[in-house]
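Order of writing sets the labels: A, B, C, D and E. Residues in every chain begin at 1.
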């Protein structure tokens, strides 16, 4: 669970709520004002309409993965780089003794890209073909991530558009029913509400989520490059300490220090 | 038929219609309110004007293909990659026995790019020239697809502009005829309606269609790369199992698994 | 004359005119309303101001070519690719007999890039220098085309800005002269008119013209690449049928078919 | 002095002034209306505020060069390419006789990049080092030009933002002092004025200036490439007629014709 | 302390304050008007909301470095290039005598990238590995800087969005409570205030800061390239005067002159 994302959303919601229900001039709570901001058709237009346009924008199979995409946003980014590096080193030690012995370790490997790569090694697939297959997989994973970011960006750009459409519908209805002047204010308020919903959905939810997924892309790419190099070293039967020294270049400076300390400690313990 | 696109558009239309004809406060249907949203000159300006500007933006021949372009958006993207891979393997088996025998298979091949490529092989055209011709065709297909996306994007950006122009015309007319205050509301409503039409056309139709065509571009490109490699392997008389193993790298990971299962099943059946 | 562009502009103008002078509610013509949309100072600000800012944006010599630039937009894009290919083949046949005999054909060649290139061949200029000179010319033609598109895009972005400035001037004047309430409506109408003019000029004229010029760029580039290859083959004294086969790769698939049919027919006729 | 830029700005100012002081309906001058458009705090916010934000955006040393940057916009772009080419040829003739004799010519060379390059030649600096130094200088000149364009673009984007801030301040003040209804109009007019100032400053001054500087960048780059090649040819002791023939490729087609005519004339005169 | 940034912000704040508290028509101070521009919930929504959305957009660890990021904006950019070049030359002189003697100098080196690089040299790490490690560090430093700019840009784009949301909340509340016409003006003023805050925060603070950090990126990159080359020359035991001559190409023309003068002076002094 990524606390920053959850906290960020909660904070935004609470602040908007405070602006609605607290009367700062008289310092009193006005929970009754909350009703002015609840309007079912406005929610329908903004959330439903935005989803509808996303549905027409992308293949169905992709949109159905939306739940998984959003889940990724909330997932605490694990220290995958260090864990995966350690794992690769461990596997390379096994492989030096008996390359087929890796097979037993495969089921316990969570990273699918690493597991698939090692399976190819166990199956004694030709080195050139391993490179081709891993390259093709990296290309597809990149494409998929780009598409996920694009879907969230489409949400972020469609929400204000539908918000505006709802407001225009409300304005037209209001202007056609001007008989009773006392209803103008509330009718206009309801019309404006849809624009508020659209802006809220875009800036509190969709735009930050798209930002977050896009930021994850670069680190995912580095992780996959490290895995690819690792698998190819293992296939070649390279020495574990050489693999470690080379792959450590994929760690950012702070993680490299952390990794070296971990290694030092475990060396002392085992000593 | 791509159900997601149809459903997405239908959903957006229904939601907007609901916002217009349902009075959520009193929970009653107000179908009479629909008339406020039907205005012939507004439709004329938004749809006609947008089309007019697209006509001045692109060569006539391209715009006339608009029907086909939109049809592409609604076409269910077939599992062309697997079908085409299977087809290439089948043809390569024929070609190994007698390369001229491919000719009989040509009329049944739907993919024009593959059919044209194989015709060059049957005609014993020089390998270098085949590469040049296929490369030139890929370049033109890419250019055409880019242009199709650009046309839909021009629609999406022109529609709100014409919506705004219609609203400005309406506002000017209204402000010049302020004699009767009771007409101000309805006149303003009609003026605003054109902006609504422009936003609606852009966000419910054109922008999602442009997104969808753009998303198809990348997968089309991969398909064509696979076809090009396949045609060249066939020309060279390469072994079918080698071709299969190499071209499978063009399949995304999930399709590759699906393809391997299909192959396994058909192998069992034939066994 | 490119009919699509002329028709597109005419259609947009007619549609806007209809929205102004037809009263669709009472189905009657109201030509008198046209006067509300004619305002000399608004035209002055939008057209004059936009031109003024374009003048400050680009070297004078470039802006003075504006007439030629706009003429290009309306020019029917000729089937130059086929014509030029035929011409190159014809010239290559002459050149095979006597390379100096090309000189007589030069004056009748309209394409300046081709004519200049062939003149270099006739003058027996060094092959490397021909390549350098043609490359330099292609670079400058590309730069000029980019600049032409940029000028039209500046028009398209400046027009709404000046429209808004005119509206702001009108609003300030109106707000400072509120004495007579009956003049507020018409004064506001006139103010809004300038925004209408700006949006109209940008979306009916300048933006589509910029789109069209930009679309011509890619096909111009392909034409020039074909001409360059053709000139170099002629300089080398290459066989006409080889030149034809190679340069045909610059034709898009549909034109290639058309070209082959033309050739087939003329072969039959001459037979 | 670049007449187009001066004329463009003057034209825009005159047109706006005409819209303010001429009453086109009654065809009379209303110079008194000019006062409605003069407001000291609005000028302060737009010009001062925009400058303030530019100051916080770039290193002080860069912003202080602003005068020079704007001067560049108004400088008539000289026919530097031809002049510089002639100069290089002249120097190359001197260098063929005695390379150290170039030194006497150095003080009269205005183009700093050329002068610095030739100084390196005179100092018999190693050829590789000359290439490195000139390359480094080209990189820095490019970076500086990009930054100058960026500064003007920041002005162009900040001006409307500060215009809007001024209008918001004016609106808040007006809405808090609604006691006297007769003051609402003028107060609103003054508020709107700041937005007008912001739009005016951006579209009449800063945006065209940024465009112009950006357009100069490409031609500057070509000039520097020509100078670099020329200096290296001189260092090598290349023949002047060869240098001329090669560097002429840096001239655009029209300048090349002009240069050849000039040469032909001077050849006749000297004959 | 970068005076330009501090002065720029102070100037913008003072100008806005002047527009608020000075009545230019009657030339009197109206400090009481300041109260109209102080509204606690508006500050809460704009600053709190924007921060909330940034929190959901980036990993927590990155956002927590915000203080450091902003500190960078205000830091006077030191003449690091010259200082670092001098330092590298000094170290190279020590290294020529005894490469291990560098170790004593390490603690006094502020530039972490240089210090880490020299530590690798002292540790006699393999040259290829030094290149890999420094390359990896440069990649990460670039990525981090890009992310810092992105965070400030997210602030700059979110602030106006939250400003608008606050205004919409205020408008809805106002329209629902129209009973007392005398409160409409002030209520509307408060609603508009939030938009003012959002525009103010974006254009006075965040956008200029993002500009400044982005401008620092290019010069940081040049510094790091110089350091990398220097470390590798030292590892190789290259002669100090050669290193100096080569690394001077990383100095912009004005700094190079300044550096040569400094050298000349110190040479005279030591003479």
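For the reader, a short list of remarks on this structure follows.
Everything that follows uses one rule, which is that contacts are C-beta pairs under 8 Å (C-beta built on N, C-alpha and C of every residue); 3 or more make two chains touch, one makes a residue touch a chain.
Treat the numbers as computed from the prediction; the structure is a model and nothing was measured.
The minimal number of chain-to-chain contact steps leading from chain B to chain D is 2.
Considering the contact criterion stated above, the chains in touch with chain A and with chain C alike are B.
If you lay the C-alpha trace of chain A over that of chain D, the rotation comes to 145 degrees, to the nearest 5.
Averaged C-alpha coordinates put the centre of chain B at 44 Å from the centre of chain E. Separating the CA-averaged centres of chain C and chain D is a span of 27 Å. The set of chain E residues that touch two or more partner chains is empty. For chain B in complex with chain A, the residues that touch the partner chain are 2-5, 7-9, 11-12, 15-16, 18-20, 22, 24, 33, 36-37, 77, 182, 185-186, 188-189, 192-193, 195-196, 199-200, 202-204, 207-209, 211-212, 215, 218, 245-246, 249-253. Here chain A touches chain B in the complex through residues 39-41, 44-45, 48-49, 51-60, 63, 116, 129, 132-133, 135-137, 140, 143, 147, 150, 154, 158, 161-162, 164-166, 168-169, 171-173, 175-178, going by the rule given at the top.
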